[in-house]
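Below you'll find the structure, written out as C-alpha cells, and then a few comments.
A, B, C and D label the chains in the order they appear, each numbered from 1.
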Amino acid sequence: MSITVGIQGASGYTGGELVRLLARDPEVEIKFVTSQRFAGQPMSAIFPHLINGSELVCTPLDDLTAVSDCDVVFCALPHVTSMGVVPELLKRGAKVVDLSADFRLEDAELYQEWYGEAHKAPQLLSEAVYGLPEIGSRDQIKNASLVANPGCYPTSALLALAPLFSNNLVDPESLVIDSKSGTSGAGRSPSQGTLFSEVSEGFRSYKAVGHRHTPEIEQGLSQLCGKKVAVRFSPHLLPQSRGILTTCHIRPVAGKNDEDWQKLFNDFYADEQFVRVLKPGVLPGTNYVRGSNYCHLSVIPDKRSGWLVVVSTIDNLVKGAAGQAVQNMNIMLGRPENAALGQLPLFP
Amino acid sequence: MSITVGIQGASGYTGGELVRLLARDPEVEIKFVTSQRFAGQPMSAIFPHLINGSELVCTPLDDLTAVSDCDVVFCALPHVTSMGVVPELLKRGAKVVDLSADFRLEDAELYQEWYGEAHKAPQLLSEAVYGLPEIGSRDQIKNASLVANPGCYPTSALLALAPLFSNNLVDPESLVIDSKSGTSGAGRSPSQGTLFSEVSEGFRSYKAVGHRHTPEIEQGLSQLCGKKVAVRFSPHLLPQSRGILTTCHIRPVAGKNDEDWQKLFNDFYADEQFVRVLKPGVLPGTNYVRGSNYCHLSVIPDKRSGWLVVVSTIDNLVKGAAGQAVQNMNIMLGRPENAALGQLPLFP
Amino acid sequence: MSITVGIQGASGYTGGELVRLLARDPEVEIKFVTSQRFAGQPMSAIFPHLINGSELVCTPLDDLTAVSDCDVVFCALPHVTSMGVVPELLKRGAKVVDLSADFRLEDAELYQEWYGEAHKAPQLLSEAVYGLPEIGSRDQIKNASLVANPGCYPTSALLALAPLFSNNLVDPESLVIDSKSGTSGAGRSPSQGTLFSEVSEGFRSYKAVGHRHTPEIEQGLSQLCGKKVAVRFSPHLLPQSRGILTTCHIRPVAGKNDEDWQKLFNDFYADEQFVRVLKPGVLPGTNYVRGSNYCHLSVIPDKRSGWLVVVSTIDNLVKGAAGQAVQNMNIMLGRPENAALGQLPLFP
Amino acid sequence: MSITVGIQGASGYTGGELVRLLARDPEVEIKFVTSQRFAGQPMSAIFPHLINGSELVCTPLDDLTAVSDCDVVFCALPHVTSMGVVPELLKRGAKVVDLSADFRLEDAELYQEWYGEAHKAPQLLSEAVYGLPEIGSRDQIKNASLVANPGCYPTSALLALAPLFSNNLVDPESLVIDSKSGTSGAGRSPSQGTLFSEVSEGFRSYKAVGHRHTPEIEQGLSQLCGKKVAVRFSPHLLPQSRGILTTCHIRPVAGKNDEDWQKLFNDFYADEQFVRVLKPGVLPGTNYVRGSNYCHLSVIPDKRSGWLVVVSTIDNLVKGAAGQAVQNMNIMLGRPENAALGQLPLFP
C-alpha cells in the first residue's frame, strides 16, 4: 500500500461511505477514523455493513497523533466544526479534502451571512480549491493542499448548468432550480423530521427559499459565465434514502434546434467518465446512479416555450460527497481518477 | 337513502376510491359498478380493502340497464373511452361526473392535438362544466348535467396559482410549475415502469415537457387572468403511492411585503373548507392530506429575488380525482359540500 | 354532544390517532389533551394533518383540572408513567381506557419481571378489564372503570389464535408467533434506529426473543385454553409506517379437513364486525386494513405436515391501539361499537 | 482477459446483476447476452444503470453461436425454459451455471410434482452439482460441468440451519422457517401484484404453505443431517426491492449454554469469507448486506423455552442468485472465490 489516509468524522453517513469506498482499495490504507459520538467504538459496531470491511476503532476528534502519518485527511465534520480543525491538519503536513461547507465560499463575509458564524480560518479561503473536477481546474486540484469538496445540491446543479452558463447561452434571470433529495443528506443524528414514519409516503417541501447551498451555486455559476448570478433554488425531501435529482428550468438567449442542445451537452462532457448525457427520450432516475460516482444528465428543449429543462441526478453520498472526495484525492495524488470508484450503480 | 349513483370503471384506483368514500354514506346507494377487465367479479375480490364495505359485483362496461335508476353516474374510464360512453349516460337521464380528460378542454381541436383522437362528442363541450369548485362557479356546477372533473396536476396547480392569476399580480412568462406525483396516478394496470423494484429509492423525471395536463392548466389560468397563458409544466414520479406536491415559481409584477402575500392567499380561500393556507414557516407535505379532500398551500416570498414560491399538496386520488368528484356531486344535488368527505387525513 | 373525553399523552402517534378518530364524531367532545414535550402547543402544530380537525392546545400532563368534566379519559402515556397517573384520574370520577402496558398483566410480579419496575397501583390490577372485546367479555368492559387496552402484537396474535385455543384444538408447545410491525409502533421520539435512512429497504429482526409483549400473549392464550401456556414470539421491523402482520405456526392435536378449519374460524367470528376471516386463497396484507379498525385473518392448513398457518393483520395504531380504545369506550358507554370507527381502509 | 462468459436471459434482474458484477472484472469478458423480450436492444437501454458498464446488445435466446467461445455460460432463464437449453450449452463445450430451479432437485419425480412438468433432461440431474459452497463440496463444484445455483430462500435457510443439522443438534419436527423477501425476487415482468402502489406500506403473506422452494430446503437439510426432513416454510413479500431475511425457529435436542451455541456457529463458518456470524446482541438487517455477497447470521437462544431462533439475511440478487453464481464460477475456474465479489454492502 502506498497511500495513507485518515477520516475525521467517520460515524456519519459520509464517513461510512468513505470507508466503504476506500476499504477495498489495495493501494489505500486508512490510518485512523475519528468520531465524537462514538469514540472508542469499532466502525463495524457503528455500521454493521462494514463488519466485513474494517477493523478500525474510532478515536476522539482531537486525537491528531496519526495525522502526520497520512498523505490525505478527509474532513467529514459538520460545518463550523470543520474550520476549527482543518488548519491544524494542514500544519501537520496532510493534504486535506474538506467535505463541510467551510471552505467552499471564497468570501468570508458571505460565509458569515449564510452560516451565522465568523469564519475561523479566512486566510485559507484563497488557497482552498473548489473540487468539482468536471467544471473546474484539475491542475488547481492537483496542486492544492486543501480541497473544498462541493455540496450535494451544488454538484447536481452546476453539472446540469455548466454547458449553458460557460457559453453564456441562457438568461440567468429566468433560472429556477427545483431539487429533490433523499433523507441521507440530513445525516444520521436522530430527529423527528427524518423518522421513517414521517417521511414514508410523505414527500415535502422543506426549505422553499433561502437554503444554504444557494450562495455556493451562485458562486459556481458566476464563475462559469463571468458575471454575478443570483438563483432561485428550492429543495424538497424525498421518501428515499439516497439520491438527488435536480430539475433546472431556464430560458435560452439564442435559438438552437434540439439536436444542437443535445450536441452541446455531449461535447461539453465528452471526455468526462463520471458524467453521462443521456440520449433523447431517456430521463434521469436516482436509482440508475445509486452507489456510484456517476452523474446522469438530460437536456430537454420545450418546443412550445423555447425554454430548456435540464435534469441531473447523482448519488448524494457518492458524487455528492464521499465519491467526489475520493475523486479529488485521486487527482491530488496523481492516481487514475476512477481509482476506488469503479463500481457500477446498484439497481434495483 | 335518497341518492342513487353508478360507477363506470370501478376497478381502477379511482373507482375503488369512489366506493371507499361513498360506501359509508348513509344517504347514498351505489346501484352498479362496471369493469371491463373484471366483469363478473365482486369489488371485494378486486379490492380486498373493500371486503367490509361493498357487496357489489362488476358488470360489463356496456351494460347500461341500471343507469336510468341513478341520479348521478361517475365515469372513471380512460380518456377516449369515456367520451364514447358519456352521451349515452346523459341520454338515459343521469347526471354525469366524468373523471377522464375528455370534457375538460373546451376546444375540440386542442383535445385532438394533445390526445391524438378527434373528439367524439364535441357538442357536449360547451355544456360540460369544469368542476373545480373553489375557483370556478358553484352555480354552474349546480346546474350542470355533465361535470368534467379536473385532472390531478391541474387541481394542484390551479389552486396554488388562482389567488395570483385572478388578480393579475404575476408575470405568466416567468412561471415554472414543477410537480411530483405518487404512483397511483399511473393506474393499476401492470407495467414495468411502476413496479415496486423500479420505483423504490428511484425518484425520476418522466415527462419533462409536453405532459397532457399542460393545456388544462393553461386553460384554467387563462380564464383566471383573462388572457392567454402558456406554461412550463414538468412532472416527476415519486417513490410513494398517493399524493401530489406542486411547486410553482413565479415573478410578481408588483411588490408586496410578506404579510400581504400571505393575506392575499388567506383571504382568497377564507370561505373554502377544503383549501387550507398554512401559516408562515409551515410547509406542505403529502402525508398531511393523505386520504382526505384537503389541499394545503404555502406562499413563500423570496426576499433576495422578489419571486414567489407557491407550494400546494393534495391527495391525487381524493381532491385530485374521486373526492373532488364527490364534492361536485354534492354541489349538483344541493347536499352539504363535505358530505362523504369528512375524513381527516391519515398520518402517518 | 353528549360524550366528553380527555387524552393524556396526545402528542404521540397514538394520541394523534385518537384525535383523528374522535374529532369528527358529532357525539364526542374532546375536552383536553396533554403533552409533556409539547405543552402549550396546538395539536395542529404538532400534527399538521389535524389542522382541519382540531383547535385543541396541549396542557401539561399534571394539569388534571378538566378530568372531572370528562366521561372517559384515554391514557396514551408510556408505561410506568401511566400507572402513576391512572389512580388520580379514577379518583376524579373519569372512566379510563389505558393504552399503556401498565394494567394489562394481572400479576404485579410478572409486571415487575418484564418492565423492571415495581407496580405503583397493584390494587387496580384486579378491577382493570383487558379490553379485547372479540375474545373477552363485553359485559366486563361495559361495567369497567378501568380498561387496559391490549398491545398491538397481542391483539394480532390473540385474534389469530383464539378460535384454536378456546377449543383446545392445538398443541401449545408447537406454537411459533412470528410478527412484523411498521415503524409507527416505535413512536415519534427521535432515534437513530427508526430514521428513514436506517429503515428503508432494511427489514430487520429487532428482538428475536424476550419482547415484553410475550407475557401478555401468554396470559391471553392461557385464559382461552384454561392452562398455562408459554409462547415463542419473535417481532421484526418493517420498512413501512403502519401495520402489523402476524404469522402463527402451530400443530393441531386433532385432524380436520381444510373446510372445517375455515368453518371453525368463520363461526368463531361470525358476529364480529371488525374481524374478517378471508376466503381460502386470499391472504392478509397490511394495506387492506390500513387506517381502519379491521382485523383480517386467514387460516391455511398445510396438507404435507398437518400443521396450520394462521395469518392476521391489523393497523397497529387503530385496532392495535387508538381504534380499539375507542371501541372499548363505545362499549363502556353503551354506544354502537363502531361509532367513530366507520372508515373503510385506505388503499393504496 | 482470460475468462469468457455468456449470459442467457440477461434482461431480468438476475441477468442485470450478473452484468453489474462481471462488467468491471478485468479478467472476464462477456461474449454474449440473450433476451427473448428485448432481443436487438442494448443492455444500456434495458438497464440505464449499465450505461457506463456495458456496450452489449441482446441476441435472441436461440442464437447459440457464441457459446463455443465461452468458458462458462450463466443461464438466468425461467424454470422449464432452462432445462430445454442447458443440454445444448453443455454439448457446445461450455461449463454451465444454471440459476433456474431446473437442476436443483436430484429427483426428477419430485421436480415434476412441484413444477408441474416432466423433466426434460433427467440424465443431467446426477451430474449437476448443487452450488452452495459453504455447506457443500467445493471439490464437486470445481469439477462440475453443470452447477445448479441454489434458490434465494434455500440459500438463506440452509446457511442458517447447517451448523445445527450437520451436527444433528435439533429436532426437525419442530422447525418453522418464516421468510421475508423483497420484490426483486418476483422478477421484472409487469404484474399488478408487484406494482409500487400495491406493495408500499403493504407487507403481506403470499404463499403461506406450498412454496416451490420447500423441497429444495428439505433436500439440503436431509443431506446435512442424514435423514429425511420435511419442513414448514412460509414466505412473505416485503415493501422493499432487495433482501431476504429468514427467521428459523427450532427446538434443540440437547442443552447448551448460550456461549456454546454462538461458538458452534462461529466455528462452523470460521473459514468462510462470505458468511458472518454476528456477535450476541447484534441482529441481521437486509440493508447491512445489500448489494454484496455476504450472509449475516445470528443465533439467539430463548432461555425461557430452550428453543433457538436463527436469523439470516442475504441480498436475494447477489448471494441469493448472481453473486453466488459468480462464486461458483470462480470455484469452477480455480479463481479466488471472491473475484468480482469484493464490494462492501451499500448502506444506507
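The rule is short, and it goes like this: a contact is a pair of C-beta atoms (placed from the backbone, for glycine too) under 8 Å apart; a residue touches a chain by one contact, two chains touch by 3 or more.
Since the model is a prediction, treat every value here as computed from it, not as a measurement.
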| note | Outermost chain relative to subunit A, judged by CA means, is C
| field | Of C-D and B-C, pair with higher C-beta contact tally | value | C-D
| query | How many Å are there between the centre of subunit B and the centre of subunit C, using C-alpha atoms for each centre? | reply | 36
| said: So the centre of each chain is just the mean of its C-alpha atoms; given that, what is the distance between subunit B and subunit D in Å? | reply: 45
| message | Measuring centre to centre with CA averages, how many angstrom lie between subunit C and subunit D? | response | 38
| said: Show the residues in subunit B shared as contacts by 2 or more other chains, in ascending order. | reply: 13, 182, 184, 197-198, 200-201, 239-242, 285, 287-288, 290, 348
| said: Per the contact definition, I'd like the list of subunit D residues that touch subunit B in the complex. | reply: 13, 182-184, 188-192, 194-201, 239-241
| query | Which residues, counting only subunit D, touch subunit A once they are in their complex? | reply | 13, 16, 20, 23-24, 45, 47-53, 184, 200-201, 241-242, 273, 276, 278, 282, 285, 287-292, 294, 296, 342-348
| query | What does subunit C use to touch subunit D in their complex? | reply | 174, 176, 178, 180, 182, 197-198, 200-206, 208-210, 214, 230, 232, 234, 236, 238-243, 245, 247, 249, 283-288, 290, 298, 300-305, 307, 309, 311, 313, 348
